[in-house]
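There are two complexes below, and they share subunit A, which is joined by subunit B in the first and by subunit C in the second.
Then we have the complex of A and B:
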């Protein structure tokens, strides 16, 4: 009798210990820790700690085989005083100015045309999206062949309308515009998808009402669609700009920063400082300049959005 | 007369549609022409490529360039490496993204919002900006590649599969995507399961994850494209031939071959066709997924 009650008691105790353990195991905080520890840990290693370590490195002289040595603002002075690095900042901006407005406008036009219901819509959307799924390396190889001065397809086409053949990638004035061409070709599909999603959110009644009031298609587009689409346009412009800042593959494959440094952008300069000349401190300073540019752009766009909504 | 009128009317009525088709077709042609030109060139022989006038079609159907490109680039190895790296990256990004997305969408805990938004803010930071510290971290990984506990002395994960995969294990975008999906997921099912004695972890593995197919498909496609097409990181972290990925191998082939256009285009075709096929097969599923995920 005694033994039985005793075992029952310990059993109950054990059970309640198990229950308490289970309760702890099943608490929201514990499950959250369990589920977040790996993803958050990885992101701290890959995204958050590197920002601060990069900032530290940008104040040092570091050539990989000796420990970093503090040099103050020397790297930043170099970045803003050296003519090549200054040109790389300017080239980055130029690249963006040439590619983003035109590329975004073309993507918007294609999206608008594809927004109607018609036969073959999905096929067109797929065809426009093909350049996006092709890798930068493959796209660059195809375009290196298309830009070829002797047998290239582009010189063949401009020859048809009487323009003399160009050297494209080795012409200092045409090298950057050539890269811009490839970039726009590769970006239309992705931006088009974002615009299509935005266009679907525009209420049909508004456009219908304007139509009843006698607005033609172009007026409806410029006076209703574009203003209502402003947040989406802003999103595309910001993400597209950041992606042009990051455009490393094309430059590596097609021009290597040349001719005459005309396609030498910040991301190329970072790569060359670090993996070409083993100057990690200088590369870190250049990356910080890039990061600040991205940061300013993002803040500006948020401000524009808030003003619109406010 | 009346018939004539209606015919003209019909033409006027259909004119915008015809124009739309025309503009879209010209645009689509420009988008696709580089790929067509790639395939056509890959089938040509040198005399057709370097001839005086431009020849559109190859004179024969010969796959010699493909054989040459396949052998010269060691394509089988490049494919195997790329598939290995991509499969692990996709699986990791999807599973870790879903777990973190679930925690941020469905669990209450201290500091949730500040943690989520600080992670979200890093989405704006391009990987290229952080390449130096990430490279140094991988190279200084403790107890790997001859390194001591403090990460000195050797090369860490430099020139290893682990180093190649490491930065692709996680994406903030994936966390964001799954969080958005789980925020809209009906609470009743989850509550019913908890009443029936299912644990919170069990709710995630047995109910939420199996019902996330549209997001999983979307995220898997993105992660696949990022990993498969990744170039800068493999270029920086891998020097051994045996570890090279498809994009890295192609870029080196591009430098070595110079003007062997037929072989270069054959190699490009081999590299891009699997991606296009995968996209086309997944696309049907993705549109279906988008439709069904809109219902809840």
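Then we have the complex of A and C:
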């Protein structure tokens, strides 16, 4: 090939590259990429990168004012060897196990009741939903008064049925159940709305047919409603589990991890490690443990509820 | 004729443009930091972070103090931001990490060594030593020492949070005591005589130790006063060892433990305050340790209790002692105009301005020249009379980290789930591990 032919070929190549670019610019793929760049970019910057950076930090000793120093698995050893952090893992599980099934079941019952036709149901739905739109801080302040051992409403009411006053948030045996109570109170409205939407999706004919076949209300609920609601139950259980794991506001406002570390959950321990002790590496390791625990619990929920569905 | 663009083209061009702007913005941002070199008197915008304030302080700051500063420094402006102690530590930590700190900010008792170690406090030594008119010597030596770390003055005290014994005169008189106790034996006698119970429930605590709503450091802070009265200390002088396994520490903890479980003169955790009304002011306790905030809260919320609740000098155990939490102002090392930030700090801690702040916040002031200030009540003076017996925190940069295991072990001992001696030994072990770890 002589020089002239080579130059012509290159020009053709350039031209075809420009043409290709112009074609790409006018293609749907380019438009799709353009519109995906922002959400995908945000996902990478705000979610994926922090997770990997957190993973990196969990292998370091990092106190913010000095560069991170690699310490291998030391932070993870601390998490599993230290009695306080072990207790925080146990408390988190206990908190979730107590709050999620009970909270979800109560929300389902309330949703079922509010799915019926009766006078004032819109008002009841609104009232049940109100805690969801209340600020966590305001709710916590109100509950601090409700749980107050001397002037609290709760002690007043239990006093009416002859139960002696309790110290609630200060009692090592009652502090976590008290938090569970507040968590359920705060979540019931949100979960109820989701269940309500699911209940309204259940075809009326199916329930009608069961009724004609002689099934009573309880049988219709357990054999028709619950099986058809499984995808919704799965969604509620998974999201409620995650939010219970992340429940920081109530602990911060009401118990600060006490008494005797009985309400010291993983998220509180992360907070104390990072902001109390400025051990960001240790906090990162705790966060990774929390991530894995949420992941396992979510998988378990999927498996249990999907298998039953199958 | 120009062909109109369709919706897809419009969106595409908009998206390309937005991406371009974003990219340029991201690339430019690291080079945007500006450093100011200002001539004296030149205008500058300063930021001030307040955490230790009440509504009257806010009004005084915005209506009097800041306008005065602006008048004295023409063209300057000050933006005041407010926070609260509950979230202040993390707020400032993240501010420093992000490089967006206020120029001047308030800090708590444990902050000096921590700020110095992290390099977050601007060294004020040269400014303070060169400024005779502002008068550093007016601050007591103990307070000066509290803000001096490795020879550098890193902050200026604005408040002495001195805690001394408060008592209810009516309750003590009803129990036959004409004067408050002055030592541990008398204290125990008064506490026993003034405790009122209904079955297992306390109606009046002879002594109020602590309450749940005071946060996780509550027991530690309340115990610390007893520890110091027993002649003990938290850390060794060289800060290398925890001293809580020593005899005075055990003596103090055993005394409190017995108040709860043997003499039953205080509940654990104690009765809760009624909002901003402290337990003693509500009439639910005969005695408690507290600072001048008790006086402020009486004035604001329970003026009818003013003639019933009084402070007195700290008790004597092995020695007469109490603890002082010294709060201070800092200039951020990240301030772009540290010289001007010092001007603001200097102004805020000037005698006349500190008097306005202390009077509106009902504080016990750090300047000796303010001891006779008109706003100072008899009770303020009585609280300040405890100053000669006051001890401050050791200057370790990770005090919060060290306090946590202690607070946990104290809780175990005071709930009766662990023997006090064992609890202190365990606390000492854990603190020593943290100390060795650096």
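Points worth noting:
One rule holds for everything that comes next: the second predicted complex is superposed on the first by the 273 of 310 C-alpha atoms of A that agree within 3 Å, B and C clash if a C-alpha of one lies under 4 Å from a C-alpha of the other, contacts with A are read in each partner's own complex, and residues count from 1 in each chain.
Everything that follows uses one rule, which is that contacts are C-beta pairs under 8 Å (C-beta built on N, C-alpha and C of every residue); 3 or more make two chains touch, one makes a residue touch a chain.
This one's a predicted model, so the numbers in the text were calculated from it and none came from an experiment.
After superposition on subunit A, the partners subunit B and subunit C are seen to clash. Of the two partner chains placed by the overlay, neither subunit B nor subunit C lies in contact with A:200. Once chain A of one complex is fitted onto chain A of the other, the partner contacts of A:298 are limited to subunit B, with no touch recorded for subunit C.
When the shared chain is aligned, no partner comes close enough to touch A:173: not subunit B, not subunit C. Once the two complexes are overlaid on the shared chain, A:34 sits against subunit B and subunit C alike. Judged by the touch definition given at the top, the superposed model places A:54 against subunit B, while subunit C stays out of reach.
By the document's definition of touching, both partners, subunit B and subunit C, reach A:151.
Between subunit B and subunit C, B touches the greater number of residues of subunit A. Contacts of A:283 after superposition on the shared chain: subunit B is touched, whereas subunit C is not. In the superposition on chain A, A:222 makes contact with neither subunit B nor subunit C. Of the two partner chains, subunit B is the only one touched by A:185; subunit C is not. Only one of the subunit C stretches 2-10, 146-154 or 218-226 carries C-alpha atoms that clash with subunit B in the superposed arrangement, namely 2-10. When both complexes are aligned on chain A by C-alpha atoms, subunit A residues 31, 34-35, 144, 148, 150-151, 252, 271, 274-275 touch subunit B in the first and subunit C in the second. Residue ranges on subunit A touching subunit C, taken from their complex, read 30-31, 34-35, 37, 63-65, 84, 144, 148-151, 164-165, 167, 169-170, 172, 252, 255-261, 271-272, 274-279.
Residue ranges on subunit C touching subunit A, taken from their complex, read 8, 11-12, 15-16, 19, 86, 89-90, 93, 96-97, 117-120, 200-201, 212-213, 215-216, 269, 271-272, 274, 284, 398, 400-401, 404, 408, 411-412, 415, 417.
Subunit A makes touch with subunit B in their complex at residues 22, 25-26, 28-29, 31-36, 38-40, 42-43, 45-51, 53-54, 57, 110, 113-114, 116, 118, 122, 124, 126-131, 133-146, 148, 150-151, 153, 156, 185, 188-189, 217, 242, 245-246, 248-249, 252-253, 267, 270-271, 274-275, 280, 283-284, 287-288, 290-291, 294-295, 298. Within the complex formed with subunit A, the residues of subunit B that make contact are 16-17, 20-21, 23-24, 27-28, 30-35, 37-38, 41, 49-50, 54, 96-97, 99-100, 102-103, 107-110, 112, 115, 118-119, 122, 124-137, 166-167, 169-170, 172, 175, 199-201, 204, 225, 228-229, 231-232, 235-236, 247, 250-251, 254, 259, 261, 264-265, 267-268, 271-272, 275-276, 279-280, 283, 287.
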